[in-house]
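So, here come the structures, one by one.
One chain, chain A, appears in both complexes that follow, with chain B as partner in the first and chain C in the second.
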Partner chain A sequence: MKRPLLFTTGTLTLAGLAFVLANSLPGCRPTTTQTVVTGDAASKVYVKPGTHDEFYNLVSGGFSGQLAVYGLPSGRLLREVPVFSVDPESGYGYSEESKGMLMTSHGFIPWDDSHHPEMSQTNGVPDGKWCFINGNNTPRIALIDLGTFRTHSIIEIPNSAGNHSSPFTTGNSEYVVAGTRFSVPMGEEAQRDVPISSYKETFKGTVSFIHPEPETGRMSIAFQIVTPAVDFDLSHAGKGPSEGWFFFSCYNTEQAYSLLEVNASQRDKDFIMAVNWKMAEQLAKEGKGKRVAGKHYSNWWNDKTHSSETTVIDDVLQLDPKEHPGLLYFMPCPKSPHGCDVDPTGKYIVGSGKLAALIPVFSFEKMQKAIAANEVEGDFAGIPVLKYESVLHGEVKKPGLGPLHTEFDANGNAYTSFFVSSEIVKWNVEKLEVVDRVPTYYSIGHLCVPGGDSKQPWGKYVIAYNKITKDRYLPTGPELTQSAQLYSIDGDKMELLLDFPTTGEPHYAQAIPADLVKPREVKFFKIEENQHPYVAKGEKESRVERKGNEVHVWMTSIRSHFAPDNIEGIKLGDEVYFHVTNLEQDWDVPHGFAIKGAANAELLIMPGETQTLKWVPTRVGVWPMYCTDFCSALHQEMQGYVRVSPANSTVPLKGETVSVDAGV
Partner chain B sequence: MRLHPVSRLLLALAALALGINLVMPIWRIDLMAPQYPEGLFLQIFHDRFAGDIDKINGLNHYIGMAHIKDEMFPEFGIMRYAFYLLIAWGLVTALVGRRAVLLSWLFAIAAFIIWAVWDMYAWGYKYGHDLDPRAAIKVEGMAYQPPLIGHKQLLNFDAWSTPDVGGWALFCSSTIAAIIFTLEWRRSHRAAPRA
Partner chain C sequence: MSTSTKRIAIAMMALSLMAACGGGSDASSAGPPGAPTLEKESAGGGEGSKAKLLTEADVTLGDIDAGMAEKGKTTYDVKCQACHSMGENRVVGPGWKGVTTRRKPEWIMNMIVNTDAMLAEDPEAQRQLEQCLVRMPNQNLSMEEARQVLEFMRTL
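After this line comes the complex of A and B, so read on.
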């Protein structure tokens, strides 16, 4: 089978050469924005000042570890939600309350690489309640509450390494999944200390099913299915007729553990793995699994105490598919499949072999028939491999080069991104015919249609998330902005409307009508519901107390002063905890808190909330503190002093806010 | 001569309509500013304030206005008795059916309205002028007395003072009573020569 490989490599090289040429010779560009953008594009993305965008676009931050929120069609950046990475501007990961959100079995991990946002669903349709996102490096899944746009829950995934195939959801968000990219040895310590070359014998993959509690959003691992050692890439749940199944793309069925670039690109076909999760759920319920070592943390944010709560779990329920025939099947899929997307009807599964020059579309109905008729071509490490021809609905021929991901509209069309040929190709799912194509600038990775991976796409736009921007924006040194491009898909032809820069590196994204999210918005936290142990529900409750070398300050902030704002009696060697309660009860009035020499961060405290900054003074003197969020016309007056005395000082501890009259 | 039965029925309804003031707000003050596109409002019930009172107090502290609190208004403790009295008076009017009693009721309502308006003006004047000398924002010659009725510009705020449901009920009841009085007066004067 050397010839097809040679052929593919040759084509790729040629395409790459054409790409380089096209970009280095300005005069020879085949298409430019000028030729692609038509006259009325501007009016289609113009959102009048003072009016709202039609869609929220939740975009992964990639190596920033965060989640970015944009409005569509304007492409305006609204917010960057801190998820896996610390955020000194808000104090996330620095305040005493929020540190716990980033705790793992490896300790405090202040960063990650976040790839795939996925909205929670009801009846297969995004419901605007939550957004999940995966942490790739230290395997985790986070749940962001779309009422507060804050990270509400983070769970660590044990027996996993590189949580890439995640966090896609079932139709009613019973589960979100986590498929490991790296297979690894797992279990007790002795079982994990093995030569890397023993990959085939001792390494295993896992796919985990995580259950978010519908009321609280607290997450736990329901069960974990052990698989042969491969690399899982992406996944999507079945829906409609395929409800109850989950599909995962996997590459490196060569089981290489070195130079994967070459060694994992040898086989003509890798797999789409089909998991019968309803069966797995039943087996777990019947106690068929076994608990295997796998220490992990589940962190949850309590909106009443304004603090994180951490649970440590030592093991995980594992199911071995070899003991349960019918749980797993492999479907051969050409050339290291990447995207694994299920169309809105739930009848078809699209695999995107990133080195392939065609798109295979699998039929769920045929898959069921092939299982019933036992049409297998063999097994892979004990798991049945169904015959390619038996499960195939058909192939889209010559769609482009390097297909990566597919999203859908409500009219039976699919939109596939092509990295190598840098384009979006629209094709008909039933007929497998290419309908339209449009270039992207440059080298698109993921793409997103509002609701485009659900049962009910809202359509209207497709957004391209590009890997390369080159000359598209004003240059900013060696590192250039990342970017997205908005295309209209209302008409017969896709139409480029807008480029907009993005933060971090955008991978996957989700878009949802704003009307499904806006009514959920929390405007402020009710002070009477604040159950923080150090809350001061009014200035009268503000005070300073010493507990050994710890000094606790119950501090309040309201426009525009702190109480107390003069603190004396702190000694070198003390650890000072400022528990700041924002007493405001109105929308859009956060207060900040900063103190000179703070080695951690500042705080940004929402109305009705209490947050704590730990401060360890290192020198004797008087230290200024102030509000960092412009809160009123007298914001610049919102300040105070903290006096630090030598360790043996006898200055009595006191905290007060002094009125001028009292002093005169 | 007794009042016409229809007049008496209408008077009874008008009297009962005053009861709206015991459950619904009587008056409201609306404040609009560029940074408050959604607006702030204050409602006056017979026994309390409602609306964005905390936010308004928060803003007023910059200009040194006193914090508005229910306890500071003894009116809130007695206004319900005024309404009880007016309602009872109206029902008695309907029952007795005498024009003189109707006239006395009209005078009672008028007296109540004059007192209420004067009282509101007095409080407004006091709040708008008695400013803390240590206030952060002082504008030479500026007072913050809200408009008695209608619109007034107060620094960055546009203030509107208008009747709420209760106020309108009071207005309608007294208007109906006045019209009935006029009609009855005419009726009796037309009827007199024939009698």
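After this line comes the complex of A and C, so read on.
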């Protein structure tokens, strides 16, 4: 769009001045909520009512444990997908079928901390099929099916603690990785019961390679590489020339186990760890690893039975790099690196030392030469450390304070977030020169460019995910909303277009053209294909049966009634299972189900699906049940009664729907 | 609003006027202010409202085919029976007894397979909605299944 030159120049001068001022002040944080937003920003994010956004933005919920879905450029919240945390709105983790998704070797774990969404890829490009996300606290990786926007698979990661440098993918999603943040003692029980002060001797790190089955999305751990004890932070797969390698940032090479804030910030350089995963794959195939104790659960959602299936595995295949020279190398990287990002060409690896005042860029080609020429400066716990100068493409000097994470556009530019100086800095990867910078409000963590960590960035926007909003929104008590900020990167200068609030902590995100996802959408589940053991395919099959003190209700719902909706013969001491089948066969017609006194949540049943609510009545009486999801003009009529009698009652068990036309 | 912000707002207004009157600008700025750049996106929902309705020539009836009717009954039990009785009385929707004498075959077929279009366009379907007040769900029957259901209706 044409814009008068005078205005553009004026704006840039003002913005530039503001930046210089902000950065020359101690604290480095812009202190005003008002920024100069250029004239047509509103029209660039306006999506006309009834029209769709151009991109899906999949944003982690951080400590909400979920994944939120926004449209871009509008920033409209479309859905919150329950992943690692129970969700009373949908019944996820409350329905009998979905509880298994949250089972682990520690039992039922109803919460986690979800950090990094990563889209599945085909030929190095996000394909819109799946989104992976990591659970940090009780180490897990989840796979979300983008046809249903539901959690389809969750695998627990053994011998891991604080599953942070995860779940980044190889170019054809052969593997997603899971790197441990905390090193821990592992193996059999006696090996795990050790003094914390024995860290250097007994603690180990691991990086796991998880294989999702292309057809089903079921996940299994192909192999796990044991590493020296450090903290792993982030990772990315190589691509193009570096295909077959994986890179992990690690800090705490001081091997501290207390007051890490100080003790893990001593060394000038930590490491980027380079893993030859093709070699590891080959070693695993040849049976070179050994199976080590590591009980873990793999849970999978079956779209035909509408139920979770759990597999328990007792051990894991481990590879020890000390036995396999060439599998692992360390590259020195200043200083406590966070981001570990590979540019679209696959030639360069960008380390973002969060305590450093420069950005080192490593060259894959130089790394290969250094390995061939054995240019090592020593070893770290038996793993060769390559010489910094030998593997370095170059450094971006004084780019800002606290570089965290970098993504890329298709034109050779990198965009790095700076937490301490609250800004995004654009720089040229080949020339290592800063070309632009914009402030963020405030304290940006990760950022996202559509396709920005893949072979083929779509570009157009960079989105900042901020940790603090302070004064930018209407206040809501002690806790304020967190936020994202959308910037245009089409022009030479980045341009702030929009702030939008987010749910939970927007830790990291991915964005993908909507056209790659929309054709996959499942509109309803075919009732003919429903294999749930308690499905009622039509009202004719609705009924009530007793098995000891269990009462099973085969219930149907359709606009706008349940069958049966009058149930008698329940006795105190009974456990009642409502298996509700939604008979609708059209898009966007879920029915809900709730009953008074239920100690869990509602059910939200998609068309063609069966879900089960367990209800244990505690008092004699007649109890109401109703549909919770507004379904038609007669939604408020979609209700029924359950009669509960004393334990010694002889009221016969029956369930019926009494129709004016019942005789026919 | 602070004075400085006001100035910026005024400057922006002036600019948008200039842009609107500028002439000779590229086509992308020609739309109304605030128009999105996503015209290629189709509006979601409302699918089926442009569906081509079946006509008399599309549905032919012969002698009642018992095999077809039986298949129709199977579909009825799963997808229709919750709302339609086999008698004359209305449950949610009308009872089916005698429906094939009250309605033309293509009208019935259209209600089954082009539900949303019928509720949007057909006066008889709309009149029925006024009585029932629950939009008939599109149960996504195939044309073949719908025809079998019609055959089943003829036996009632």
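The working rule: the second predicted complex is superposed on the first by the 624 of 664 C-alpha atoms of A that agree within 3 Å, B and C clash if a C-alpha of one lies under 4 Å from a C-alpha of the other, contacts with A are read in each partner's own complex, and residues count from 1 in each chain.
In the analysis below, a contact is a pair of C-beta atoms (placed from the backbone, for glycine too) under 8 Å apart; a residue touches a chain by one contact, two chains touch by 3 or more.
Just so it is clear, the model here is predicted, and its values are computed rather than measured.
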item: Chain B versus chain C as contact partner of A:527, first or second or both or neither; value: second
item: First (chain B), second (chain C), both or neither touched by A:572; value: neither
item: Partner chain(s) touched by A:279 [first = chain B, second = chain C, both, neither]; value: neither
item: Partner chain(s) touched by A:558 [first = chain B, second = chain C, both, neither]; value: both
item: Partner chain in contact with A:539 - chain B first, chain C second, else both or neither; value: second
item: Broader residue contact with chain A after superposition on the shared chain, chain B or chain C; value: C
item: Partner chain(s) touched by A:585 [first = chain B, second = chain C, both, neither]; value: both
item: First, second, both or neither for A:78, with chain B first and chain C second; value: neither
item: Partner chain(s) touched by A:633 [first = chain B, second = chain C, both, neither]; value: both
item: Shared chain A contacts, counted only where both chain B and chain C touch the same residue; value: 558-559, 584-586, 632-634, 660-661
item: Of chain A, residues touching chain B in the complex; value: 558-559, 584-586, 632-634, 637, 660-661
item: Residues on chain A engaged by chain C in the complex (per definition of touch); value: 1-4, 7, 34, 36, 39-40, 42-44, 46-48, 50-54, 514, 524, 527-528, 537-540, 556, 558-561, 563, 583-586, 588-589, 632-634, 659-661, 663-664
item: Contact set on chain B toward chain A in their complex; value: 54-55, 58, 62, 134, 136-137
item: In the complex with chain A, residue positions of chain C that touch it; value: 5, 8, 11-12, 15-16, 18-19, 22, 25-26, 28-29, 33-38, 41-45, 77-79, 81-83, 85-92, 95, 97, 133-135, 137-141
